[in-house]
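Some structures are shown below for you to check.
Each of the two complexes below includes subunit A, the first together with subunit B, the second together with subunit C.
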Partner chain A sequence: MSEQVEKLIRKEYSAGFHTDIESETLPPGLNEEVIRFISAKKGEPEWLLEWRLKAFKVWQSMQEPDWAHVTYPKIDFQAISYYSAPKSLADRPKSLDEVDPDLIETYNKLGIPLHEQEMLAGVAVDAVFDSVSVVTTFREKLEEAGVIFCPISEAVHKYPDLVKKYLGSVVPQRDNYYAALNSAVFSDGSFVYIPKGVRSPMELSTYFRINEMNTGQFERTLIIADEGAYVSYLEGCTAPQRDENQLHAAVVELVALDNAEIKYSTVQNWYPGNEEGKGGIYNFVTKRGICHTRAKISWTQVETGSAVTWKYPSCILKGDYSIGEFYSVALTNNFQQADTGTKMIHLGKHTKSTIISKGISAGQSQNAYRGLVRMGPTAEGARNYTQCDSLLIGDRCGAHTFPYIESAHPTAVVEHEATTSKVSDDQMFLCQQRGLDAEKAVSMIVNGFCREVFKQLPMEFAVEAGKLLEVSLEGSVG
Partner chain B sequence: MSEFQIQSVALASQQTAPAWLSHLRQQQTETWQAAAWPGRKTEAWRYTSLAPLENQTWQLAQACSAELPDDLVLSDALRVVFVNGHFSAQLSDPLPQGVTPFSRAQPEEQVLILAGLNQTLVADKHLFASLNGALLNDGLWLHLEPGQRLAQPIYLLHLQTAQQEGELAPVRILVQLGQSAEATLLEDYRVQAPGISAVSAVTELQLGANASLQHYRLNLEEENHLHLGSVHATLAADARLQGFTLASGSRLKRLDYHLRHLGQGADLKLQGIYLPRGNQRIDYHTEVEHVVPHCTTDEVFRGVIADTAKACFNGRIHIHPQAQKTLAEMSNRNLLTSPRAEINTKPELEIYADDVKCAHGATVSQLNDEALFYMTSRGISAAEARVMLSFGFVNELVEGLALEELRVWLRPKIAAIFAQTSSLTRHLIHD
Partner chain C sequence: MLKIKDLCASVEEKAILRSLNLEIKPGEIHAIMGPNGAGKSTLGNVLAGRPGYEVTSGSVELKGQDLLEMDPEVRAREGLFLAFQYPVEIPGVSNMELLKAAVDAKRQHEGKSELSAIEFMKMAREACKAVSLDQSFLKRGVNEGFSGGEKKRNEIMQMMLLEPSLCILDETDSGLDIDALQVVANGVNAMRSEERSFIVVTHYQRLLDYIVPDFVHVLAHGRIVKSGDKSLALELEAKGYSWLEQEVL
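Showing the complex of A and B:
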């Protein structure tokens, strides 16, 4: 077995390639001029520039947070380039034929359903190549339903009222260090608006790629589900292999108005660094949704990539009877570090939240769950159930749990459970006795361990997620 | 430096006796001076405000005479009484070999005490431990030879007379158990006047191989009393520590438990009950470190929070990389019995070894409606049912206490905390 395992350990990161496209990239550094440049480049209205500058001022006054259970060399924010756009994009292509063939090839390698796969996969893709959205498909079909799905830079011009109203309404500029940075320099991202009572006719999906050397990527996603609307949004990531650490500080804001439902799924497979812990992406993300009356927001994430992950998709349960859900699988191997979890802020009456978190640590990685459940003084009859389980594979990794529970209402009920253990010898024995090799047995046990989360994912994602875990774990057993 | 630090440093300079502790006081004063005063964002203090300490002029509590309270917990025990932080021979029983107040220590014993003090402490983790050192003038040294067993439990009673506003007293306990030694220690803190007062108490427990200690700590003081306490323990191979802590009262009560398994096969059982009412604040921080393999920890804390009180429970289990085959469990359950009560709980696991079984659980809720209905439908008044259910919630822990006299003493006390009138507790007191 060991030979096979050895081979699997050596397996190169399969999405690790680099497409050479001429980019228009700003020299590294960050100051007001850079922000003005970004804003001018996108032809943004005055209010948005002001908004960015305000965020920049706030950011300058803030300290980089150090409370997370992660260690990494200090980031030099002046060594990062804050704008990069594929050059051939000056004239936005009208169809796929006009798109740079190199780009298409990149997407094909990643298996993104963009051309013929579009119909088969039934997915509209707003593909973000570096910082500018290149092409959006299925727009017409969505338009028919009244769904707006476009790059946020476009939405600023076409739907300024909506953007102005909701941008920063869930994650304000001064929310945290990285959110402030993102607000100042955000490059592009997706904008989704589902009108009243509309059920999005398909699952919306954005694929992110970090492609330009030394380019921080600052996505900004804003999803608004109007009253009674429903949308399922998929986000998947992969990045070319390289040795220099890259910063990714995205902000995702979800607004679920009365009776609306948003389902947000992520499979994150950014380059985690090599076996020595060299390289890899720094993923410092702020994701938060607000639920109005009887609304529901469901976060599902499968985190297998990135050298350092710092991510807490959260729900503010503002409206009565609103529901928040968080399903997470976080797998770390080699020298990866993950500090991830969620915040459920219960404000409305009879609000409910469920947190299921599965952490798997292997190699010499550190995997921490950090969560907050807050029952406000108004959260009458609110309910939370939290379960976070950790699985340890190997004796040099760490698994940690830091749950914060704050309750200020007697009728609110909070339950928290956490367990940590290794793959049990009994389970392994049972599997091996039935002819499975150790590798397969572990893979199967881990898949079972994560089942509760995987079943929340849309089909295509669930398959991808299962495969990802298998690949990410290979080499950690035996 | 904060206002309180400035004040207490001045108080420390007034503390001149005994001379053999002056070097230690000096050292600790420096640590205390240099300590960063916590703000709202300091993780270990995010739920507890230190304002009651800062908005007050403090003075050292002086040695004086006092009377024993009527409701002593233990009668069949070796009573050691401290008044305002000073040993009182008059109120104490004659002390056997191995039970020595610092103020009575012979020169050769002073050397041993100095060598033992602060050995279990991690100073930067416990803000107020260095304050205790800076003010240190007396304390209890319990030193048992290998194999020695005390026939009776030691009943340490600390009385604070609090005759003047703002009296601050240091209390220090050093327990050193030799191999296979066994002892039982009950710490009982009392305040005899309702004025504002404070105690800084540090207990160090050093358990040798196969030693066994039952350690009980009762903090049922007045609301105007502030308590800054910590218990630090190290367990050598096969040592057994059973800890119990009960807290109610105080506008500010901070209790740190820091327990370390340093020898294989050590076993720890820690139980705690906190019952803040009125406008009280109780903050428990516990940390159990598993440094070596094959140790076990069982930690259970329960709280009932009433009125506008707030409680904080922060429990951490830390498994070091070598500590394989660890079994560790922690459970924290809370009842909120008023719309303005608040609980902040954070049960943490930090695990660096793979072959371990660790679990923690935390719950927060109110009294069960069905249980209340069941009782009221049988003719028990709603008020009485509430008292009975709250009592039952924490009585599970009291029932398990090995010290019978303490169980008997505690039941009516706890029942009285839940009930305003004695008629509500008539079902609870009998054994």
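Showing the complex of A and C:
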């Protein structure tokens, strides 16, 4: 294998960095040479290669964590291929007729227009004309404002100082097993920089990137809001996304400098596996932001996909008077497992955090909230409010809550409220007596349960998220 | 409109309705009275198809169709409306959202197109006005934090919007003060028509001063033991139910 890699690397070197990379995929396996290959493929500077290699060394010394309330077969990391070039047009489906009909049916239920369906399913259309012009206008507007929004692989070359300064500054390579793996092999992702005092003229959405590249399973995102800047970033889309890669280990780092604000919204709808629990994505994500003085970071997530979810978008409230927020809806159905929550690390004085978590379990799924609120010894007058509600549908699923509270300052205040409820027969009957069928009734009750979180989402996203819950809950009532 | 024949029903294996017979013609208002535990509320729940209420024998026809064969939501779309005795709260789901979905489901069932948001709002505002509910109630969670009286008025408001052909009021008067009672009664009276029938289940004669029934039935031990006109209600008010029970047993 190494011989093959070497050969490829050599070929790359001789041909320069920017060769045509179509239809190249590395055979499974992970070692130093694979990392060198990935780095060379992207024409990365030496420092980044070193950075990756360091991460790989750390990863090798680490153990896969087993504390989460999830079970899955052991992952063979040597059986995974760590580099796969974007699919060429020739390899893609020629039309929607060649795409899995289940997927198309779900697109239709979500009301996704035809040309978007083609985009999402990766159909080899000549880059949809409508969206091309949309993307162009979008780019021009951002440029005018001085906002940088590009693939991180591009940023490495164009804005090396920013990347070098902030990459790994919030999630260090050794942070955890998956973060280390991601640092070693990350494929691509988004880079955002909002200059001082600038309010991004529009919401930035990964959606605009969809046709542009294949970010793959090890996505890396870095968002920097400079002093007094504001940005709202939307990740994912409600359309179900299938991927041949079962393991996903993304890292997202947010940096909010003094008085900056970052709003990060996610709708995650990876393939959850079939009704018997076969297949489906393992989603092991590390998301974290750091808030400097009077800065604010707000995470909003709607998680309905993946077979196994392991995800804790967190805030380090370093600066005085900084604010962290976490709003989450996690829905599990059939055999899905989710262990998700947040960490609020209060370091600065008078820092404030809010956690609103809504877990919905249906079928035979397991849904856990795991949250840490830490009031450090310097967190004078810090406050946290946590509200953690679980809703059960049926009697074969499970909801679990693991709150960890550590307070090292006597003036810090931590409040925690938790409820567990079931969709009651009386509520169901009221809806049915008004003419709604059982499925519509459940989805309406569940949407009501999530209202507080949906309110945080940008309007359009909120409507879609509601529809998404409805589709995800199908078959959950008898 | 409604034909109930020898209806027997049980809850948790306990027989509650024992061979009940009742026929209601379009445009009629029937009051059902009777002592506690006679099966008054059970009747409404059985007709509406509430899970847990099991029909053991007998038949029910709604406008010539077999009612007992229909799912609860189909009964609703066919025009059966139950105003609940204890309306349940659905946190986070607005009244408006529930009602729009309900109206649309019924219209779809009837082969009509969905109402536009504007048309619907116009109707909903009028219905609110008719029962003296502030329009802000449309935006609030279904029954969330409503007082007892507000919940009952909300039920009538929903009834007006859905324009059912058979309305069942399950002790809608319980817990209402005299003003609220009048509001509810006005709402019902405004809806009276040749094509619409009502079953008014109540404990007290008081409501029937405002909603004047065509027939009054006394339900005891799971069946109708006496029927009459409005004067029967007054007689019951004066003499109580025990004389009847003794007469029947």
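Annotations for the structure displayed:
Everything below uses one rule, namely that the second predicted complex is superposed on the first by the 385 of 478 C-alpha atoms of A that agree within 3 Å, B and C clash if a C-alpha of one lies under 4 Å from a C-alpha of the other, contacts with A are read in each partner's own complex, and residues count from 1 in each chain.
By our rule, contacts are C-beta pairs under 8 Å (C-beta built on N, C-alpha and C of every residue); 3 or more make two chains touch, one makes a residue touch a chain.
Computed from a predicted model, the values in this text were never measured in an experiment.
With both complexes brought onto subunit A, simultaneous placement of subunit B and subunit C is permitted, the two fitting side by side without a clash. In the superposition on chain A, A:67 contacts subunit B only, with no contact to subunit C. When the shared chain is aligned, subunit B comes close enough to touch A:407, but subunit C does not.
In the superposition on chain A, A:375 contacts subunit B only, with no contact to subunit C.
In the superposition on chain A, A:258 makes contact with neither subunit B nor subunit C. Comparing subunit B with subunit C, the partner in contact with more residues of subunit A is B. Judged by the touch definition given at the top, the superposed model places A:426 against subunit C, while subunit B stays out of reach. Applying the stated contact rule after C-alpha superposition, one finds that A:436 touches subunit C and leaves subunit B untouched. By the touch criterion defined above, A:398 lies against subunit B but remains apart from subunit C after alignment on the C-alpha atoms of chain A. With chain A used as the common frame, subunit B approaches subunit C to a shortest CA-CA distance of 16 Å. No residue of subunit A contacts both subunit B in one complex and subunit C in the other. Those residues of subunit A that touch subunit C in the complex are listed here as 424-427, 429-438, 440, 444-445, 447-452.
By the touch rule above, subunit C contacts subunit A in their complex via residues 48-52, 71-73, 76-77, 81-82, 84, 87-88, 90-93, 97-99, 101-102, 105-106, 109, 141-142, 158, 162. Those residues of subunit B lying in contact with subunit A across their complex are 43, 47, 321, 324, 334, 336-366.
Within the complex formed with subunit B, the subunit A residues making contact are 67, 375, 377, 390, 392-422.
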